[in-house]
Amino acid sequence: MLVGFIGISAAAQIQNQTDDGQWTMPAKNYASTRFSTLTEINTSNVKNLKVAWTFSTGLTRGHEAAPLIVNNTMYIVTPFPNLLYALDLTKTGASKWTYDPHVSPSSQGVACCDVVNRGGAYYKGRIYYNTLDMHTVAVDANTGKQVWKTTLGDINLGESMTMAPLVVKGKVIVGNSGGEFGVRGWLAALDADSGKIVWRAYSTGPDKDILIGSNFKPFYAGDRSPDLGLKTWQGEQWKIGGGAAWSWISYDPDLDLIYYGTSNPGPWNSDQRPGDNKWTSTLFARRPDTGEAIWAYQYNPHDDHDYDGVNENILLDLNIGGKMRKVLAHPDRNGRLYLMDRSTGEVISAEPFAYQNTSDSVDLKTGRISYVPSKITGFKTVRDICPAAPGGKDWQPSAYSPKTGYIYIPHNNLCMEFQGIQANYIAGTPFVGANVRMYAGPGGHRGEFSAWDPVAAKTVWTVKEMFPAWSGAMVTAGDVVFYGTMDGWFKALDAHNGAVLWQFKTGSGIIGQPVTYKGPDGKQYVAILSGVGGWSGAIVAGGLNANDGTGALGFLNAMADLPKYTTSGGMLYVFSLP
Amino acid sequence: MRFAAIGCFLLALTACERERRDLRPSPAKVVVFGDAAIQSQILPGGGAPRASVTNPFQGNAYAISEGQRLFGWYNCTGCHANGGGAIGPPLIKDHWIYGNEPANLFDTIVKGRPNGMPSWGAKIPEYQIWQLVTYIRSMNNLEPRSATPERLDTIEQSSRTILPKSEGEPR
Amino acid sequence: MTALEELRAEPQQAEELARAWKNRPGPLGWISVTTHQELGMRYIVTAFIFLLLGGIEALMMRIQLASAENTFLNPARYNQIFTVHGTTMMFLFAVPVMEGMGVYLVPLMIGTRNVAFPRLNAFGYWIYLAGGLLLYAAAFTNTMPDAGWFAYSPLSGPQFSPGKGVDVWAQMITFTEISALCVAVELIVTILRLRAPGMTLNRLPMFCWAMLVQSFMIIFAMPAVMIASTIFLLNDRTIGTHFVNPAEGGDPLLYQHVFWFFGHPEVYIIFIPALGMASSIIEAFSRRPVIGYPALVLSLVANGFIAFGLWVHHMFATGLPQIGEAYFTAASMMIAVTSGVQIFCWLATLWSGRLQPTAGLHFIFGFLFIFVMGGLTGVMLASIPLDLQAHDTFFVVAHFHYVLIGGTLFPLFGAFHYWFPKFTGRMIDQKLGKITFWLLFIGFNCTFFPMHILGLHGMPRRVYTYVPEMGWGPANLLATIGAFIIAAGGICFIANVLKSRRFGTKADPNPWDAGTLEWSTSSPAQAYGFIHLPVVASRYPLWDQEKSKDIVTGLRNDRREVLVTTVLDAEPDHRLVLPGNSIWPFLTAVGFSIGLYYSVFAFSGYWIATALGMIGIIGWFWPRQPLDIRP
Amino acid sequence: MTWGRMPSCAPVANRRWPGESGTRPKLATCATMLFSLASAFGQQSSLAPGGTHASQIKSLGVFFFWLLGIIFLIVIAIAVASIFQRGQSTQDEAAQRRLKTAIAGASVLTILILFGLVVVSVGVGKEISAPGGRGNELVVEVTGNQWWWFVRYLNDDPTRIVVTANELHIPVGRPVLIRGLSNDVIHSFWVPGLQGKRDLIPSRVTTQWIETNEPGRYRGQCAEFCGLQHAHMALWTVAEPESQFQQWIGTQLRPGAAPSDDLQQRGQEVFLSHACVLCHSIQGTTANGQVGPDLTHFGSRLSIAAGTLPNNKGNLAGWIADPQNIKPGTRMATVPLDPTDMQPLLEYLESLQ
Amino acid sequence: MSEPRVLDVSGLLPYRISNKSPLWLGQLLMCVIEGSLLCLLIATYFYVRLSVDVWPPPGVRLPSVMLPTVALIPLLASCIGSYLASEAAKRDDRRGMLVGMISNLVLGGIFLALRGIEWRGLNFTWSSDIHGSIVWTILFLHTYDMVADLLFTLVLIIIVASGHYGQKQRLGVHVDTVAWYFLVLIWLPLYGVLYWGPRALGAK
C-alpha cells in the first residue's frame, strides 16, 4: 500500500515514463528500468499463464537478445549469423520477413563469450542493430530492406560487436566488444539517417581521443588530471588495453547525458599492465550529440579480476536522506551496487549485493575502492576470489519497479582460482594471460535472484538458483518479476517477497531478456527467447569439454553439469493468460 | 632369466623417438596441401592409394613439450583453453570436423578454418606447426602416454567435484 | 675341552666350518651367496666400475670445458653427462662403496661370522645393482636424465623435462636408497648385537663407530630423498600430483627443503665411514692407539646430529628469513668444530706415533691436506655473504670435490692399500701405490684448485660452455690437464690391483701389525671369519692381548651359528643360527626391480613390484627344514 | 647409442663488444691466474667488485681467506712436522697429557674463531641485505625466462616504466632494488661485481639490493641450472652517472625509431609480416608480442641472445638465420626468410637505437 | 704364551623369542625408517598448509571425521590380538597364536574396509591440488604398509595353522606384532593431523 503510494506520487520521476504497451528498446526505456505498466498479468493470476505461441530461430547458440515489439510486429535479432526476424503478431507470430546481414563467419573467432547478440533498437521506422563482424545496420521495419550498413572496425584486430544500440536524438550509439582480445574500446554515434559516424570516443589514450574537453568535470579530484587515459598506462599499452563498451547505455533526457560503462583492461594478468589503466572499468557520462565526456568514474582501477564496468545503469530519482536526487544504480561486476549522483558522478553508496571478498570498502571521499591485498592477482595463483571473473553480476540486466522501489538483480554466486600467466599479444587473437577455474560460491549454489532496496542499500529478499541467473529481469506493474534460468525454467516471482508464483520449463536454458507487451487483441503477453549459451552456457552451445576446468575462461569448471540439465536450442516462447 | 629381464627393459627404454631432441629441425617444406589431408571417407571412383604425410615428431616427448609451450605462446590457449575450448571448440574430443590425423591438424593450423580459426601458415614456421600438431594429438592420447606429461605447472584440469550433489529440481 | 685342546682341534674345526659356510657352485650358487665378504667385495667392485664410468663422464666434461665455445659435447649431452656423473658418484659409487667396506669389514672387526641379516644383505646388493643398471641402461638408450643430480623442480618437473630421463633418475634413487637402508639396518643390528663378548661399545673400533653413525644417518636421511624423488618428483611426473606445482599450492622450495634434508647428511653418510677408515689407518701406521678416542666418537656422533640441522645452507640464495639464515650459518660452522676435533686428534696421534711411510699413510696425508682445505672453504660457504657469491659457481664444485674426494676417495684408496692383504691374501705394491698417490694428489689439486679461482671470477656451475671474453680458458685447460693426471692415477691403481692380486707377496694374518680383530684371522679371511670367535678385553685386542688369546667355544660348527651379545656390554645372550645361502633375495630383488622399472612408465608398476616382491618374500620366509632349532 | 642430432655451438662470431677499443686484452697466463687473486678476469668477477655490497663481501672473503689460510698452513705444517717427529719423544704419559691439552685447546680456539666468524658474517650478511632505500631507490623487476632476462623499471607513474631485456642500466650512487621473478623454472640473478646471487623462483618474488659508486660494465649470468642454455644466459649491467642514466631512460621511453630510408622501411615490413611479431614487440608499430625480448631499442643493446654475442650486424645476421646454431635449444624460432629480406631486416633492427 | 681362556657358550639357547633377538631390533629399525618417512610427510603437510591461504582448497570437502574415528575402535582392538599372538608365540601356544593373529587380521581388515568406504566419499584425488596430493599420499602409504603387514600376518596364519613351523616362525609372529603396534601408533598422529588438524585451524 505504502509502496504503491510512493509509486504514484513519483509520477514525475524519470523511472515513470509513459508506456504504450510496446517494447522498442531492450531496456524498455531510456532509464533502463525494464518495468512495464501493464497489469493484466498480476500476482493473483500469473499462475494461469499458458504458452500462446512459439517460434524457432533455427539456431543453437546463446540467445541473449530482447525481442522488440512495435506496431504489432515482433523483431528478433539472433546470435551469429545475426538474422533479423520480423513476426506478425496479428497472425500469431507468422513470419513477415527475414533480413540477413551476411556476417563474416570468421568473426566467430573473435567473439570472446559465445557469438551472442543482445538485441536491436527501434527508432522511427527502422530497426538498428550490430553484427558480430563490426557492422551496424539499419533495416526498414516494414519491408526488411537494408537502409544502410556501416563498417566500424576490423575483426583482424580482435574487435566484435554484440551490444544492443541505443538511439538517442537521431543518433545510433554503439560500442565494440573485445576486452579479451586486446582491442582499444570505443563508443560511437552514427547518424540514424545516413549511418555516418558522428563521433567516436575511445576509452583509452589521449584526452582528445576520449573526447575529454573543457566540460569534463569528474566528481573526484583524482580523475581530473589531463590525459589520464595515457598516463595511467605503461608505454603504448593503452593501444591494446581493452575498455570496450560492449553492454548497456542509458539516457537521461533532462540532463541530456548518456551513461555507459567500459570493460576490463587487457590482459587479465594485471602485472603486465601497471597503472590505473584509465578509462577501463569506468562509467562515462557523455553528451549524445557530441560524445563529449562530462564526467567519469572508474569502478575498478587497475582491475585485477576482469571486473568490467559495463553493467546497466538504472536511472532513478530517489529520495536519499530526505532529498530527491537524480541517481543511477549500477550493480557492478565487483559485487557492489553503486548508487551515484548521475549529474555529478558522486558515489552515494556502494554496498555489496553479492558475496564478495575482493574489496574492503569504497571510500566515498575519494571514490576509490580499497582492494583486499591477498586477492590481488599477478604472476601467481590466487585462490578464493569472490566474485569470480563474471562478477557478482555480468551483463544480465536488472529491473526496477517504481511500485515496490526495489531493483531486481539476477546475479551470480561464483568464486574462482586465478593464475596469472604471461599473456602474448598477437593481433586478432585473445589477450588474457590467466588460467581461471570457477566454482560455486558460499552455499554451493551458483546463482541468485535478489531484490535490492536502493535507498536502504540492502537486500530485501533472495532466491537461490542452481546455475548463475544469466537472463535479464523484467518487472510489471502487476508486481510480477520475470526471469529465466539456465536449466530452462521461465519463472514469475512475487515482486514483494520473491515467492515463485509460476514457472514453465522451456526447451533450452534461458539467457535472454523477458519482455511484455500488449498484443493486437489487447491482451498482455510475455515473451522470452530460450537458447542457452553465452559465456556461462558455452559448454552447451559450444560443445566444450568440461574435463578442462579452465575452458571458457574458467567458467567450464563451474558449469560442468549444465549439459545434464539442458541442451542447446533457439526458441521464442510467448505466454498469455488463457 | 635376469638377463632376459634386463634385455626386455632395455628394449622398453630404447624409445629413441621419444627422447630425440631435434633442436635444429630441417627447414624443408612438407607438401600437405591437396593430397594427404583429406577429410572425407568417400573417395569417388573408388579408393586409390594416397600419399601420406607423416608427422616428423610423432611420439617425440621434446616436440610435445615444445608444442605445449607454443600452444600458450601463440595464444592457442586463448580460444581453446587447455584443451577444453572457449571461443573455439575443445581440442579434447572424439569428433573432429576436419579430422585429427597429423596432416589434417597441420592443414587446419596452416590454412585456418572458416568459423573463426585464423590461418597461421604465413607466420608460424613449419616445424613449430608440427610441434603444435604433436601436442594437440597428445591431448587426445594419440601420442604415446610415455611421451606425454601428466600435468603442467598450471591450474587446469580439475577432477575435483565442485558441484553440489544434485539439488534436484528447482522449487 | 680346554682352550689348548680347542686350539689344537682348529684345523678340523676349520674344515667343518668351511663346509657349513661353503657357497654352492655354479651360477645358481653365485646368485644365492649370502656371506658378507663375498657380498662386500661385490659391492666394492661394482662401485668401482661405476666410479670408472663416472670418471669417464668427468673426463668428457673436462674435455668440453677445456676451451671456450668448445663443441665436443652439445648442451643436451653435456647436461645429461653432468647429471649422470653426479648421480653415479653420489648414489652408485660413494654410498655403496662405503656400504661394501662396512659389510666386508664390520663383522671381521667386531669378531663375528656374518652380518645379522645375510639374506637382506644379498637383497640389498641386487637392488643396488638393479638401480645402477637402470641408470646406465638409460644412458645407452638415450633416456639419460638431464636435470642435475639434485633435479630441482620445476626444471625436473613434467613441463620442463620431457621424456623419461628424470623418471629414470628418480626411480634409480629409490633403488639405491632401498639398498642403503637394507645395509644400514643390518649393520646397526650387527654392530649392536653381534659383537664379540667383551667388546663393549667403549671398545668398538673407530671404523665400526663410523659405520654405526653412518647407518643411523641413512635411516633418518634416506626417507627424505624417497619423499623428494619418488613421492614429490616421480608422482608429480607420472600421476599428476602437485607437490612442486605452485599453481596448485605446491612449492618448488618444498622439494629443495626435503631434498637437502637428505642431501646434506648424504655428504656425511659418504665421508663418515672414510673418517673411520682414516682412523684405522692412522692407528695402524703410527703404531699407537688413536689419541682422544672418546672425543673422536663423540664428534662422530655429533657430526651425525648436526648434519641434519644445516640443510638450509644449500638454499641461502633462495632468500629465506634472516633469523633462519643466521641460525643455519652457526649450525654450518658448528660442523667445523667437530671435524676440527677429529683432525686435531689425528694430528696428535700422528705426532706421537712412529709413522710407517706406507702408501696407505700417504693417502692419509693427502686426505688431511685436501680435506682440511675443503673443510675451510666449507667454512667460507657457511657464511651467507660469501655463499651468495660462491654458491652455484665452480668455487662450490672445487669445495665439494675437496671434501668428497679428499675426505672420501683418499681415505678409501688408503683403505684399499691398507686392507688389501685382508681382501686378497697378498700384499699390494707399495711403490706403485705411492705413484698412484702422487698422481692422484697432483692431478687432483691441478684439477680442482683452479676451480676455486674460476668460481670467484664468476664461472657458474653446470654450464656446458662459456664465452671466450671471460678469460676462463687457461684455468679450465689446467683443470682438464689435471683431470687426465687423475685418470692416469686411476689407471696406475687398477694396474697395481691387478698386478698385486696376481703376483703380490703372500700376506700374513697381520702384516701391518695392527691392533683390531680383523687382523687376527687369516689373510684372506675365510667365509666363516673366525674359527673361534674371540673374546675381547680391550680396544686393540691384538696389541694388548698378544699374550692371552681368549676364545669362545660351544658354537656349533656344522651350521652358521653366531653369538648374540647385549647391546652395551657385549655379554653373551644367546646363540643365533643364521640362514644359509638362498636364491630368494635375488628372486625378490628381480621381481621388485621389474615392477619398479615399469613404474617409470606407469604407476601400476608399483602393484607389479608389490605382487612380485610379496611372492619373493613369502618364498624367502617360508619355513625350511629343520623346523626346530636344537641346541 | 643415439648421440642425437643436435648441433653444437659453432661460433662464427665477431666477438668485439660495442664500445670496446682494439683487440681484447691478452689473457692472463695460467701462472698469474693461479697465484694472483687480482682481477685479471674482466667483468664478471666477485674479486673485482664495483658494487658496495660486493666490496663488503670481498672484504669479508679476504678476511676469511687470510684467517683460514693461516689455519690451513698451521695444520699442514703440524702434519708435515709429524712425519719427521718419529714419535719417540712423545710416548710418555706427560707428553700424552700435553697432547690432549693441546687438542682441547685447539678445539676451544676453533670454537672461538668460528664464533667470531659467525658474528662477522652475520653482520656483513645483515648489511648486504639491509634495505638500501632512502626514498631515492630505483626498483627494477627482473624476470628470468629460458634463457633471457626480462627487465622492467618500475615506477609509480606507469608512463615512466621502461622495459628492456638482457641489459640493466643503473645510476651510480643510487640504491637499486631488484625484484626477482621467474616465468618458468628457477633462475638466479647474479652480477658478481655488484652483489651476491638471488634465486628467481616461479610464483614468488625475491628481492635484492644493489648499489655501486663506480661507473662501468658488470656482466652477470644466471647461476641456477635452468636447462639447455643455462650457459648462455647472461646480462650486462651498465652503471653510469645519474645524468647519463636519465638520458638512457629518456631514450628508452621513446617508441622505436621510425624507418629512415627505404631499406629500413622494407626491413620493418619484413619484421611485421613474419613470425617476429608473434613474440617480439617494437613500440610504435603493431608488433606487440610479449614472450620474447622487447626490441624497441634493440640497436642500442650491447649483446645478442642474452650475452652470447656482441651486438653487430654480422652476428645478428648469423643469429636470425640460424639461432639454433649459436644457441642450441633456444626459444628463438628459426624463421624461413627470403635471402633478400635479411639485409633490410638487419638495417631496420640495428636502426632501433 | 699364557694359557688362553675359553668362554663356553654351548649352554645358551640357540634362539630367543623376545626383544633380545636381532630380528626384533631389525624390525624396530624398519619401523623407524617408516616412521621418519611419515613424520616428514606430516612436516610436509604443515609446510604446504601454512603456505596456502585457503585450506582445504575451494570445493574440497574435508575428509569426514566420523568414519575414521569409528574405525579407530577395531584398529586399537586389533592390538590386543597382536599382543595375544606374540605372548602365545613365546609360549609356543599354537591355538593362542592363531586366535591372536586371526583376530588381528579380522579387526585390521575391518579397519581397512572402513577406510575403503571413506575413500569412496572423498571428493578430491591426488591430482586435484596440493591438499589432495598430500592427504592421499599419507593415506596411501599408511594403507600400503597395513596391507603388507596384514598379508604377512595371513601368511603366518597359514604357516602356523598348517603346523609347519618352528622357533623362527614363532619369532616371526612375535616380530610381526612390532610392526603392527607401530602402524597403529603412527596412525594416531596421522589421524589427528588429517582429520582434526584443519578443523582445529578453523577450516569448515
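General observations
In this document, chain identifiers A, B, C, D and E correspond to the written order of the chains, with residue numbering beginning at 1 in each.
Definition applied: contacts are C-beta pairs under 8 Å (C-beta built on N, C-alpha and C of every residue); 3 or more make two chains touch, one makes a residue touch a chain.
What you see is a predicted model; the values in this text were computed from it and never measured.
Considering the contact criterion stated above, the chains in touch with chain A and with chain C alike are B, D, E. The chain pair with the larger count of C-beta pairs in contact, out of B-C and C-D, is C-D. Put simply, the chain farthest from chain E by mean CA position is A. Among the remaining chains, the Cα-based centre furthest from that of chain C is the centre of A. Here the spacing of chain D and chain E, counted between their Cα centres, is 53 Å. Chain geometry summary: the mean Cα position of chain A and that of chain B are 38 Å apart.
Distance between chain centres (mean CA atoms), chain B to chain E: 46 Å. One inter-chain figure worth recording: chain C and chain E are separated by 31 Å, centre to centre, where each centre is the mean of the chain's CA atoms. Contact with two or more other chains is made by residues 16, 19-21, 23, 73-74, 150-151, 153-155, 157-158, 162 of chain B. Counting only residues that touch two or more partner chains, chain E has 52, 57-59, 127-129, 132. With touch defined as above, residues shared between interfaces to two or more other chains in chain D number as follows: 2, 4, 6-7, 202-204, 228, 277-279, 291, 328-329. Residue ranges of chain B in contact with chain C, taken from their complex: 1-2, 5-6, 9-10, 12-16, 18-21, 23, 61-62, 64-65, 68, 145-147, 149-155. Looking at the complex, you find that chain C touches chain A at residues 246-249. By the touch criterion stated above, chain B contacts chain A in their complex at residues 72-75, 77-79, 81-90, 92-93, 112, 114-118, 154-158, 162-164, 167, 170-171. Of all the residues in chain A, the ones that touch chain E in their complex are 374, 383-384, 415, 417, 439-440. Residue ranges on chain D touching chain A, taken from their complex, read 154, 157-159, 161, 163, 181, 183, 203-204, 253, 255, 277-279, 281, 283-284, 286, 288-291.
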